[in-house]
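What follows is chain A paired twice: with chain B in the first complex and chain C in the second.
Up next is the complex of A and B:
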């Protein structure tokens, strides 16, 4: 699920940047620091929408660097257990397939694919196929997230399509 | 010890029962169509990150409503049903289930909503999708 969320980020600014273009520099620094990163608790930070407060800028003793605590609003993506999402299949093997739901990669094990769908390694491209459905690279699938492991820099999710109303869309 | 405490928090989150954790319980949910609009109408250079490009591609593929007007109208339709939470509104608008049975199967927390009323909402959204320019 995509959210719009208020977050904060601390920037340490070297004294050589103190000057007329400091604000611009702080903005670009914020963008490059946070966009595209994955924070454990908040999920993927996709893009900063607006900066609410760039911070006061306290000069720290010893180093002379200034500390800005900026508050900004960003689009974040965080998957939840039990959530149903659409995704696009990127990779298949007899173990299952990987689907991409935005920044998140979800693995669907062959155990969690309907038994009617059989892996066909001779087809080109390789696919899971039954009489009515076929899943190959590029297919859009609807899947349910059954578990997610949240690391400091990445999220790994496991999905299932072995339930009603899930599968090829 | 610390690791175990974190595991417990992750265990508590479950979209099926609308438990999103303290950080997201009251956060604003975005429809895929709204994310598409926000990303395409930025007033500065788009960031050059893998996360950004993947997301942009994803929202272009799966956005159900082509304009902000139709996305706004769908929000308006779903807001009339007071029982729906932010998360459920976004899920209905992102997945566009056709029947109330399908909706309750993919969004389990909708069991609290009456079948006929839910069906009426879903029908209205389907019509919106059909006639959006």
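Up next is the complex of A and C:
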């Protein structure tokens, strides 16, 4: 699920950047630092929407670097158990397939695929196929998240397409 | 998905225990940590004498519904009865038999939670079943089920599984930049030829410059070499800091084995192909892209050392955890597979001479190296040379190459190929073997104007041999299977099992052969654990430690050892280890003649008994250890006599190492020299018994001259020779030896 969330990030700025373009530099630094990362508590930070407060630079003793505590608003993505998401199939094996839902990788085990869809290792590329449906690399699927494990830097989820209205879209 | 699970009592309970109360009633819902029963046990405190009764509880590690208990209150359970029956049966909503990334792939529950129960759900599915490193893991039961499914699929398609090794089996790879230069040269030459072809149509044929332009002699064989660049694994960190290092990584040159295309294509009909290599993932993918461009043969079934989990061995269980009865392996190394019964060993593909396997730095060296120590090249027989023979013929060239360091950097710097080519050029006409093997290369006909000789040759036919074997395995398997389908009854694994078929075919090779090894492995190594021993056994030979009447062959690493001499005396065939690898490569008992330790000796023996050259009928066996190159017809006996005198007059300077002289000075009664010391000096030829029972002496240190020396002097009687040996300085030497600690 997507949220808009207020977050903060600490930027250490080298004195060589102190100058007229400092603010611009702080902004780009914030974008490159946080966008696309994963925070265990909030999920993936998809995009910074706005910068609320770039912070007052505090020059630290000894190093001369300035510390900016930046507050910003960002779109975060956190998967939940039971959530239905759309994704794209990236890899298939006899055990199931992987789908990418944005930054999140979901594994769908072959037991959680409708029994009508059989894995065909001899097709090229490999696929799960029934008479009317085929799942191969690149197919868009709608799946339900059965469980997710949130690490400090990564989220991994298990999904199913063995329910009504799930599967190839 | 409800399934019944039998739960045993954990080992750590203080058996015997007595059930005090059952706390969770039947058919009740339990979860992790629910107390199932309370027990009492006798505990004797340390130092105390009276046992006291203590109590404990057993908590459930699983979640679900209690179906039954196998005990009742008051029962006493000890270790033996614990093993007989499970404690409880629990109906679980999910057995977590497939897990991925710490989650159950069925219910999505986190499997990595650990608590006081010290039981990890993650351990319930520990078998890796896919080729990927971080793929899903499954439990044993699940693995059996999945394997059964894929086995059925294969049976239906009349296929078996084939695990293919890359390096030196399907391809030969090198990073030697010389290859790149040669290829560039060859391409430039091709361009010039093309340009000339267009101009030639206008100019009269046979213009002089047509023959002047010479192509690199290796170009013919290098034409289908693929090249790719593989970055160092640390490249990512590098690039930001140092933009100049754009050209990072090194160039790999991949030569597919001749016939690879047809081999892969045809095998894919009968086998489901997997790749299992000791190279990195990136390397494996690049090589597969080269030999299987559209991915239709391997289909991503690639296992590299990144996923293998071991750098020194390959495990069939990694890919086929439960059922290996339909798997065939082709690999150039048997040791990494522990000579598995599924293995069809192939002769290593050695295209880039002297390079070896660039991905086996972790492995011990091959037991039968084509090293400088290898024997004089076997006599060329009528049949076309097998790869092994060719490589034996090349041994001389290789001998001069610096000992191949497997480290790639070293290879890039040392450029062993360039050196070898130089060597080859320098040897030129003096080395007839080069010309010989080249003449047998159909792809590289020798043009009269060509100066350089090709170091790299397209003369490998091993894949054809492998194909025949694989086809035979497949045929035998499905013959049995068809019979089984008709008659029914027995289980499939028992009747048609590759593990029976391959050893059956393999052991035919050396059946009835009994081998003794001489100076093939260090003395401190248990012979049965050595690779060469296992290899010989895998091919049906019996191996013995000592000579006996049953022994048919002695495989010797060098001449003149006690076993060799004894065997020669008894008329047992003594062969170089290359004979064994030839047998292994051809899966048949190879003809020993080209590999005899000393074929000349046999001939000489014949000659001697006919009294052609020998004036000394008492010593027909003395000549046995002469070098092959000895030509007796041209011996100048006067010179040899002179040489004897010189030899006798020589000072002790170069005789500090007593064994080196090879003059056996011991009497029958004196203790024999320890074997280890003897084997240190490879040329030493200690003592051989003459048929008359008298001790004979020989000097093997300097090959030709000294052999002649003795022959020259054997005009005299036994006593003379004996006296000759006991000259004063040799007495000294004996004293010196006894003085040694």
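Note that in this section the second predicted complex is superposed on the first by the 169 of 169 C-alpha atoms of A that agree within 3 Å, B and C clash if a C-alpha of one lies under 4 Å from a C-alpha of the other, contacts with A are read in each partner's own complex, and residues count from 1 in each chain.
Going forward, contacts are C-beta pairs under 8 Å (C-beta built on N, C-alpha and C of every residue); 3 or more make two chains touch, one makes a residue touch a chain.
None of the values given here were measured: they were computed from a predicted structure.
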| item | value |
| --- | --- |
| Which of chain B and chain C A:156 touches, first, second, both or neither | second |
| Contacts of A:164 with chain B and chain C, given as first, second, both or neither | first |
| Which of chain B and chain C A:99 touches, first, second, both or neither | neither |
| Touched partner set for A:109, first chain B, second chain C, both or neither | second |
| Contacts of A:5 with chain B and chain C, given as first, second, both or neither | first |
| Partner chain in contact with A:81 - chain B first, chain C second, else both or neither | both |
| In the superposition, chain B vs chain C on chain A residues touched | B |
| Which superposed partner A:146 touches (first chain B, second chain C, both, neither) | second |
| On chain A, the residue positions that both chain B and chain C contact, one per complex | 81, 145, 148 |
| For the chain A and chain C complex, residues of the former touching the latter | 81, 93-96, 107, 109, 111-112, 121-122, 124, 126, 145-149, 156-158 |
| Of chain C, residues touching chain A in the complex | 98, 100-110, 112, 129-132, 135-136, 138, 146, 150, 153, 157, 272, 294-296, 299-300 |
| Residues on chain B engaged by chain A in the complex (per definition of touch) | 10, 13-17, 20-21, 23-24, 27-32, 34-35, 38-39, 42, 46-47, 49-52, 54-55, 58-59, 61-62, 87, 90-91, 94-95, 97, 102, 105-108 |
| Residues of chain A defined as touching chain B within the complex | 1-5, 31-32, 35-38, 41-42, 44-47, 49, 75, 77-78, 80-86, 88, 100-103, 140, 142, 144-145, 148, 150, 163-166 |
